[in-house]
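Here is the structure we will look at.
Chain IDs A, B, C and D follow the sequence of writing; residue 1 opens each chain.
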Amino acid sequence: MLYSEKVFDHFRFPRNMGEIADADAIGEVGNAKCGDIMRIYLKIDNEVITDIKFQTFGCGSAIAASSMATEMVKGKRLDEALQVTNKAVVEALDGLPKNKVHCSVLVEEAIKEAINNYRKSQENKAE
Amino acid sequence: MLYSEKVFDHFRFPRNMGEIADADAIGEVGNAKCGDIMRIYLKIDNEVITDIKFQTFGCGSAIAASSMATEMVKGKRLDEALQVTNKAVVEALDGLPKNKVHCSVLVEEAIKEAINNYRKSQENKAE
Amino acid sequence: MQSKGETMKIYADNAATTKPTKKVIETLMHYTEQVFGNPSSLYTTGQIAKDALEDARERIAKHIGCMPNELYFTSGGSESDNQAIMSAAQNGLKNGKNKIISSTFEHHAVLHVLENLGKQGFEIVLLPVYEDGIVRVEDLENAIDDKTALVTIMTANNEIGTIQPIKQLGEVCKRHNVVFHTDAVQAVGHLPINVKEQNIDMLSLSAHKFHGPKGIGALYVKKGISLQSLIGGGAQERRKRAGTENVPGIMAMAAALDEALENLDNKMAYVANLRDSLQKELSKIPYSKVNGNLDNRLPGILNICFEGVEGEAMLLYTDDAGISVSSGSACTSGDLDPSHVLLAIGLPHEIAHGSMRISLCDKNTMEEIEYIAQNVPKVIERLRIMSPIWKDLQEGKKEHVI
Amino acid sequence: MQSKGETMKIYADNAATTKPTKKVIETLMHYTEQVFGNPSSLYTTGQIAKDALEDARERIAKHIGCMPNELYFTSGGSESDNQAIMSAAQNGLKNGKNKIISSTFEHHAVLHVLENLGKQGFEIVLLPVYEDGIVRVEDLENAIDDKTALVTIMTANNEIGTIQPIKQLGEVCKRHNVVFHTDAVQAVGHLPINVKEQNIDMLSLSAHKFHGPKGIGALYVKKGISLQSLIGGGAQERRKRAGTENVPGIMAMAAALDEALENLDNKMAYVANLRDSLQKELSKIPYSKVNGNLDNRLPGILNICFEGVEGEAMLLYTDDAGISVSSGSACTSGDLDPSHVLLAIGLPHEIAHGSMRISLCDKNTMEEIEYIAQNVPKVIERLRIMSPIWKDLQEGKKEHVI
């Protein structure tokens, strides 16, 4: 089969799909030309990710990786969340085809981007 | 199928196969290297072929062409026999595959060779 | 979105491959079991196979309007394309001709060979296909010259189904004394073809595109054109294609073509009607766009783009609903770029990623069409809800391309 | 000579092609009917076909001792041979190597490509095979050098069945860092093969030689050796062989090989016993000669010459008796020369014309052998009576060659 059962499960029933209207931070990577865009919305309370949502324009594995990655970082402290690698996401999904691994990289980047944006906004506030 | 019904018939039940111990003339063409040898034995009475036999080392169509050609010239006057072309033999056989037409040429040559040999022996006698 | 126990199973990707018919399977069976001899063998068991082979050759030749000795059996469309083009290129070189004219949206089996020939010094000219996916005869007229060794233009495109003006293109080639090849893999069995009337010098076909078996095809080469072998060895196929002949496959291909061309006009009308009904329904989806010329199209092909969604995801949700269709999305090919065909007709990348190709055959029913028409909009809606692009489009942060 | 209503039907030309087994036919049927999807398609119907494809690849790879990703599916032995040799030649050129070593009695699918490469400037060295039909390792050792791009020697010869010292030849190649290809079309399914143990870098096989279907084969290429495509286009077979995969054919090939290798030792002994019994009987015919090394031979092959008779006629009378065998006679090939294999082992033309190849499989029975042993002598006798050569031999006008 194209994907593992896990990938199909997360693709068919994506967790944390949607948006957070009053997000504390948003991260977006990719572009439509390449066929992949991921947007991550974060709610953060005292350095902990209390809520996370994603929107993804992309293939089955992009959606599944988004779903899985958001599950993995939800409830984690930001510094812990930054430790969640794309490799861990791929493993949690029971693997991705070689040419689809870049989808997991994108999610990792999107989450990092969102956290970075959060940090920046905090710095701005602090200044 | 490889050959016409006629060819198979003459191949399976060759007419005039064998030798004539007291032949008036013998003609032989071809060589074993090329995979075809035909030998024609003639009995001639008053310029008429009264008996004819062949021996052939060669493929199915070589045997069939020998059989058919001997049938066609048997009972004919020598000058008439010389008119029997390989084309006529091929037609009488309802055709031969293109790469087998040379077998019919060989029979024609073998018969001509036998007749020539007969003429030469007659000339020798006359001298 | 999972259907509630009432999922239909619909195969609507007949341009990718087709389901062999009962007759085809029976033929394949019969010849595999009963006529297994080697056609090069002289004994009866071999000659029966040989006779079958020549019977198939005659039947297929008749169906495309050529002589049996102008038809060579190959392992399929790709091999036929490769051999035709390589051969014409080699012949051209011998006469100092090193230019080949084709189009931007040919199948990879053509483009790949052209690319290699380009590296070897051939001048490769790819004619544009415009927004409607149709090559212009004038463009060929302008490009062709006495350096031209070959013109190769497909009869009908495999993604958008547009039919090329083959007869007129062939006429130009004839006038300039240039060999004209057409990849008719999508056309044979689906459209009437006659190589003589259409001025075709070489033609590729593949059995599995018209309900025949996989791994078998043919190449027509007009008498007088010298054909070089791609696979050399034994004396099969008049020394132009070595390898023990796949007689069961060849017989099944002949059976498939016999069947496909029976009542072809009616079948074409039937399939076009299904396609048009579906097109009407799916066009109701906002920000959708049907690709390619609507009039000169294979009866069975509908190619449509939906803004804001990605093709692979679309295809997989559609599959969950029991429907098999394909997409020109990059993700379906392993490349980063979406289908070269969709780019060739000028679609922007983001739209090309969201394309769906539905290809029907005369085994599809109106009930299936209705089911597709019900389910595809749900899939699109679902994906648009997920899509950050769609959100931006809706909120006016991004401009609609469609 | 026509038998009196008690004709048996015996197929004894298994080196030409084999009869597909029941299991093979069922597999072919099942996958043609039920698993018709295109393996490149992402929906379930396609992925089921893809899974089957990879399952077959694993099974076949295991049978020859390679990794699945070292195996490429092709349309048969000829294509595999062509691709392997073309590819190694191209790779060689890139490294300034332009010499190829082979043997004088390879199959035409090898010799034809070598001939073309020779015209393109490659130095082609054909090692002798001596009277016993076996390449000498020392000869390879002497011929191989740092200009050598490829060595290609068949595993077992298709006419006389002699088995080559593959492992040792491969060892020489390995030592000299030269790619070693073997045409194992006659060997796979008939002999134990292990590419790693036998130092083989590339290997060709063809399904119809081991009771699989026609039109399908494979090429093993050791990881690390770059393979060039012969048929280019789509991304199938890791971009090395374009064309929609013939999944039913591939599955049936895997089934055939599974079956062929089950109990291989017993089958080899059984078939060799049939062959040896027949050899004993036919050797009683005066002025007959068994060709090739008697010990290193495929279990099923017996090649024997009869002085004074021509092969095609012999084959056709044998066919009339219900027995299918082949001959290396010129007349069976359409050439003027008899089999290059028989000439390569030093047979004089006139003897080579009178050769008979009987190739058995484990479906043949001792009853059939007895029938053949009864009928062949009658055919030989009948033809000798007809033969002017035989007369001359008998009368001492010509000397016996055997």
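Brief remarks follow.
Here, contacts are C-beta pairs under 8 Å (C-beta built on N, C-alpha and C of every residue); 3 or more make two chains touch, one makes a residue touch a chain.
Quick caveat: nothing in here was measured; it's all calculated off a predicted structure.
Note: the chain lying farthest from subunit B is A, by mean C-alpha position.
Between the CA-based centres of subunit B and subunit C the separation comes to 57 Å, rounded to the whole angstrom. Taking the mean of the C-alpha atoms as each chain's centre, subunit C and subunit D sit 35 Å apart.
Subunit A and subunit C have Cα centroids lying 40 Å from one another. In subunit D, the residues that touch at least two other chains are 42, 44, 312, 316, 334. Within subunit B, contacts with two or more other chains are made by residues 2.
The chain pairs satisfying the stated touch condition come to A-C, A-D, B-C, B-D, C-D.
Considering their complex, residues 11, 13, 16-20, 24-25, 28-29, 32-33, 36-38, 40-46, 75-79, 81-82, 107-113, 116, 206, 208, 213-216, 230-235, 242-249, 312, 315-316, 318-319, 324-326, 332-334 of subunit D touch subunit C. The touching residues of subunit C, when paired with subunit A in their complex, are 1-2, 308-313, 316, 320, 329-331, 334, 336, 338, 349-350, 353, 386-391. Here subunit D touches subunit A in the complex through residues 42, 44, 47, 50-51, going by the rule given at the top. By the touch criterion stated above, subunit A contacts subunit D in their complex at residues 1-2. Only residues 2, 11-12, 14, 17, 19, 28, 32-39, 55-60, 62-63, 99-100 of subunit A touch subunit C when the two sit together in their complex.
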